[in-house]
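Take a look at the structures listed below.
Note that subunit A is present in both complexes that follow, paired respectively with subunit B and with subunit C.
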Partner chain A sequence: MSAVRTPRTDSPEAPAAPLDTTSAWSRWANHHRKWLFAAPAMAFVAVLIIFPVAWTGYLSLTDAEGSVRAESEFIGVQNYLDVLTDTDRFWPAVWRTVLFTGVVLFFEVVLGMAIALLLWRPFRGEKWVRVAILLPLVATPVAVGMMWRLIFDPNIGMANQLLGWIGIGPQPWLAGQHSALPTTMFIDIWQWTPMVVLILLAGLTSLSDEPQEAARIDGASSWQRFRHVTLPLLMPTVIVAILLRGIDALKTFDILYATKGRGGGSFHEVETLNVYAYGLSFDYNDYGVSSTVLIIFFLIIIGVMWALTYRKKGLGR
Partner chain B sequence: MKPSKPFRVFRTSALVVVVFALMAPLLWMITASFKTNVDIYDTAKAFTFTPSLKNYETVLQQANYLEFIGNSLWVAFAATTLSLLLGVPAAYSMSRFSMKKSALVVLMARVIPGVSLLVPWYYVFSNLKMVGGFTVLILSHMFVSLPLIVYIMMGYFDGLPAELEEAALVDGLTHIGAFRRITLPLSVPGVATAGILSFIFSWNNFMFALVLSGSDTKTLPVAIFDFVGYASIDWGGLMAAATVVTLPIMLIALFVQKYVVSGLTAGATKG
Partner chain C sequence: MSLTACGGGDGGGDSKTVRVTLVNHVWTENIKKALPEFEKQSGLKVDVTQLGEDQLSDQYNVKLNAGADDLDVMMYRPLQEGKLFGKNKYLADLSEKAKADSAFEVGDFQAGPMQATTYEDKIVGLPIITEQEVLYYRKDLLTKSGFTAPPKTLDELKAQAAKVEADNPGVAGFVARTGKAAAVTQFSSFLFSFGGDFVDSSGKATVNTEQAKQAYAYYGGLLRDHGPENISTDMSWSEAMAIFTQGKAAFYTEANSLYKNATDPTKSKVVDTVGFAPFPAGPAGSKPYNIPSWALGVNDSSENKDNAWKFIQWAAGKEQSLAQQTAGVPGARTSVWANPASTATLPKDLAEANAASTANGVGHDRPLVVKVAQAREIVGQPIVDAITGKDAAASADTANAAFQKFLDDEAK
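Presenting the complex of A and B:
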């Protein structure tokens, strides 16, 4: 605690007026420290967010395309009508986004909960398991995508070799029109389940043991204790995990781009809203339409967040 | 509570499966990086092959990876330092004066899809002739780091009792003096957590660099794609590149495990 005592040694007897309070600037700074501290960060984020979002909103009402500097015309809600009636690229992308997010969230939470429960009580070798859990989390997602691309290669990949050893024929994995999306889901689950494990484990360790003990004395089985004691107490943490993972899963880009490239593959088989919007912006330079897609995407994310935080509050009280 | 014996046996076997599932792919990537492309294509040589450093030679000498490593280090370091300078005082203010709405502005940056910011950024920065330079890359990465740092540090300052600063005020320090000489030294672990996590996220960031970097400022995650051609993939080189990108960040995470975990779970248990 030496840091706490340091100032005291400056003025051992009478607390003499410190020098820095005498200047007008210092007095002003101290009085306005609330905003002096917060404003730079807020200004930075606001300039980098509010202006771009407002502009995206404006662009979505124009026919901007081609060069970013090209003239564009105001066309009202035409883009919105076009996008919302587009059953070719837009709605399939919405569907894939929902499916991707829903499936990976389900598996990540269920597996994450199971693994967190396994790790809850102390055991030998705990350190090694924790290392294994941390490594996928910090690995660069693009590199992870490339790694799985080799493992899932239909001809030379380890995945099909393993299947061969147990007598199952080769699968197309990422190369198949219908198997590509589930395969990318698998990769996402591999990389991000550890995140859910860490969050739930932090939640579990912060729970007190007493309700557990009480239930045990009352003769509750371990499943009953989990279902009626641990899970309800852990629910707020579960919601936090779902919220954090859900936002990122909706926006997944790196793994999809690394494994299938532009447009989510030649049949757009893994094209989610984020990949679609990226392609419209930077492969086709179709800024008006891409802005429209982004605004709709943005509203979906805000809606999901709002629903989840609302539920979180409801459960907390 | 001590777990029962059958549970312990079950737990051990289940955890062996989990560890294997998480580690095997990474080990496979590293193994493949030591194989020649001929050996990678020969499935009979899955485990028996003569290790070769040729891929690393390609990555580090021909593919200019030393420069890309430098770029990634510089961008992540600069974005983290600047974000800490802006973010730590902001988080302090937001925590002490419970500025919930202001905090929300900063945290919105976590929620917004990056693509929706990239088009306007690209427009403005290409007009300013800055696309392809380091400044714009660092600014875009700060956009990832800053909300993360504010989020972690707000939680950290919430946990530091205000009485410590009040005592310092009684001793004659100013408010800012108390922050600088009492609160900051006490929050070093929090700053370390926030800084490390910000570095990791910036190092791994792909989309912003994909659009905003130029040939001289390319970062590692973008450079990986050099090994993916239109017709074929240099698998050995690609796996060596992937290893070069991932290994440093994994090693950092291993050494400072405690900080990484506390950063990733920051705020999670407050419900």
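Presenting the complex of A and C:
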């Protein structure tokens, strides 16, 4: 960034006077303009991100419950010790969060890649296929959850009726203690694979054709071209897709809440960290413990983000 | 902060707009229709926010925690949130206003419901809706199986459910709520009728007494053996009611306030064949709950308390209470119950069931604690364990230990 510019003096109509009459404030503002322009955004971040996180951090060190306005005692890291040794709700929730994220991410990226590759080259009716594939993306997750809840209702839902027509017995879907989590994963994959398709398709269309042609001339098969040419070139985009979807999947809430309600079901079968923290706040009014879970969750997300962006930078080199 | 001086905005002070938060309920639909009459009478404008039960609860949690003053009148659940709100001083003391108005006659409210809306001797709410648990059943299926009357005891209920189920493939003998927390309120009548309760008179947890274990085993067993084929453990009233109104169950125990779902032709396929009966008697008799499910209170941070009270005076007054009860929403006013016109529009058997439940009823349907949601999850665990075929007695022992710890923590 350059310092104050000298006014042009090559024209007789442009006098040097304005520089001399510039007020001290203008000069100061000119010197610090990068901070001045950034100030509104920084204030926004401070008010809407730093303050809530700091407040949550403070609450996590207290025994706040019932009401955050009620008196609470500073209890140090006691909540952290309690939460990190809780094998009844906390660790199962961590495991479910990791499992949910890992599984949906894997399927969304693999399916997303496959669909993006199919849509890459022009074909008849391409526009309609693209619209159809993107439809789940535009629906609200709560509405999607409620729709699938109806479809998967074990007694009056459409899914079991369809299975019945092809001679398969009714499945418990969301109602089953062990089938509920895979069913919610399916719903997430159904809704969010299109987003991955969208990102990867954008990446694919921006790739240059030359390496592909060179590989084709060298006699590489489709798979070889994908494996050794397309995929490496597309890797930075894939990482972006993983980053965006990964963070979203980690903090999935709407679909789980809309399908299994508070607590993630009677056996907490779909209770992830987000659902658990929500229950601690809104059902139990345990603001101290809830804040602790959220801070730990926040650190996990930062860790994952850091790892993924580090990997992306490595690929960019 | 008041904006009145600046021209009477909606911000507070003695604003002419009363902001009322109500839950999705038949009562709310009725009151909304009557609102123009109140607005004309009082010169006030009523701004209604209507939410689902969970969303209402979440909104209170956020707004009251933040000390927001943009809620004036709050429709709340005395047994669910009453103690929490009272303890946190979220509800304004209405004692003086309520007692000062002789036409409003606060003494006309039934004692049990009033007790639930009183915190530390202060009236913090006025009960508007009461609920009793009754038995919904299918008259046609009973006749087909040779029964001339609905079951009077829990043993008969089990026997009739088994017979009807056997005679009608694809129809469950019995349906009821199965969600861990959701089922607790409806399970409570079974618990009381077996002679149990959640806590004893000294405040000790009693969900593992012999009576409680029998009640858990009975409720869970009935759903497991004679419930819908693919039973889930997440059903609240809407799912259970859907199964019943789709004609897929013979018996259903539920709050009477939901009866219109079964008798409304747009919602139910069993309109012509649905019957109502008092809650069947267990070893300790027929002891359904009889509770104040909803009340109106005033946000203590509101700066429009006088006008908020005017709304409550009207909405919980004698005239509106009679109109509501006539329209099928049971209230808490003695004078209204004494008026035959208030129940004349109900199905005859439902009116009789209501009367029986009101006479024998127990005043609570969940543990009366501050953190009710957490307590419901603890005492509800044996219900879902029984439904899924686990050892209900062992689960009741575990639940009792957890519940006692919960009570001890809350007493600290």
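Note that in this section the second predicted complex is superposed on the first by the 278 of 317 C-alpha atoms of A that agree within 3 Å, B and C clash if a C-alpha of one lies under 4 Å from a C-alpha of the other, contacts with A are read in each partner's own complex, and residues count from 1 in each chain.
Just so we're on the same page, a contact is a pair of C-beta atoms (placed from the backbone, for glycine too) under 8 Å apart; a residue touches a chain by one contact, two chains touch by 3 or more.
These numbers come from a predicted model, not from an experiment.
Touch criterion met: A:Gly66 reaches subunit C, while subunit B stays clear of it. In the superposition on chain A, contact of A:Phe282 is made with both subunit B and subunit C. When the two complexes are overlaid on their common chain A, residue A:Val240 makes contact with subunit B while staying clear of subunit C. Of the two partner chains, subunit C is the only one touched by A:Arg262; subunit B is not.
Contact with subunit C, but none with subunit B, is seen for A:Pro154 once the two complexes are overlaid on the shared chain. Subunit A has more of its residues touched by B than by the other of subunit B and subunit C. Of the two partner chains placed by the overlay, neither subunit B nor subunit C lies in contact with A:Trp165. When the two structures are aligned on the shared chain, A:Phe74 is found in touch with neither subunit B nor subunit C.
In the superposition on chain A, the residues of subunit A touched by subunit B in one structure and by subunit C in the other are 68-69, 156, 261, 281-282. Contact residues of subunit A toward subunit C in the complex are 66-70, 153-156, 160, 170, 172, 174-177, 260-263, 265-267, 281-285.
Chain contact summary for the complex, subunit A toward subunit B: residues 3-4, 6-8, 10-11, 15-18, 20-21, 26, 29-30, 33-38, 40-42, 44-46, 48-49, 51-53, 55-56, 59, 68-69, 115, 118-119, 121, 123, 125, 128-144, 146-151, 156, 158, 161, 190, 194-195, 198-199, 201-203, 206, 209, 212-213, 216, 236-237, 239-241, 244, 247, 251, 253-254, 257-258, 261, 274, 277-278, 281-282, 287, 290-291, 294-295, 297-298, 301-302, 305, 312, 316. Of all residues in subunit B, those touching subunit A in their complex are 1-3, 8, 11-12, 14-15, 18-19, 21-23, 25-26, 28-29, 32, 40-41, 43, 46, 86-87, 89-90, 92-94, 96-97, 99, 102, 105-106, 108-123, 126-127, 139, 142-143, 146-147, 150, 164, 167-168, 170-177, 179, 181-182, 185-186, 200, 203-204, 206-207, 210-211, 220-221, 224, 228, 233, 235, 238-239, 241-243, 245-246, 249-250, 252-254, 257, 260-261, 264-265, 267-269, 271. Those residues of subunit C lying in contact with subunit A across their complex are 54, 57-58, 61, 64-65, 67, 84, 87-88, 90, 178-181, 228-234, 236, 239, 242-243, 246, 248, 370-371, 373-374, 377, 380, 384, 388.
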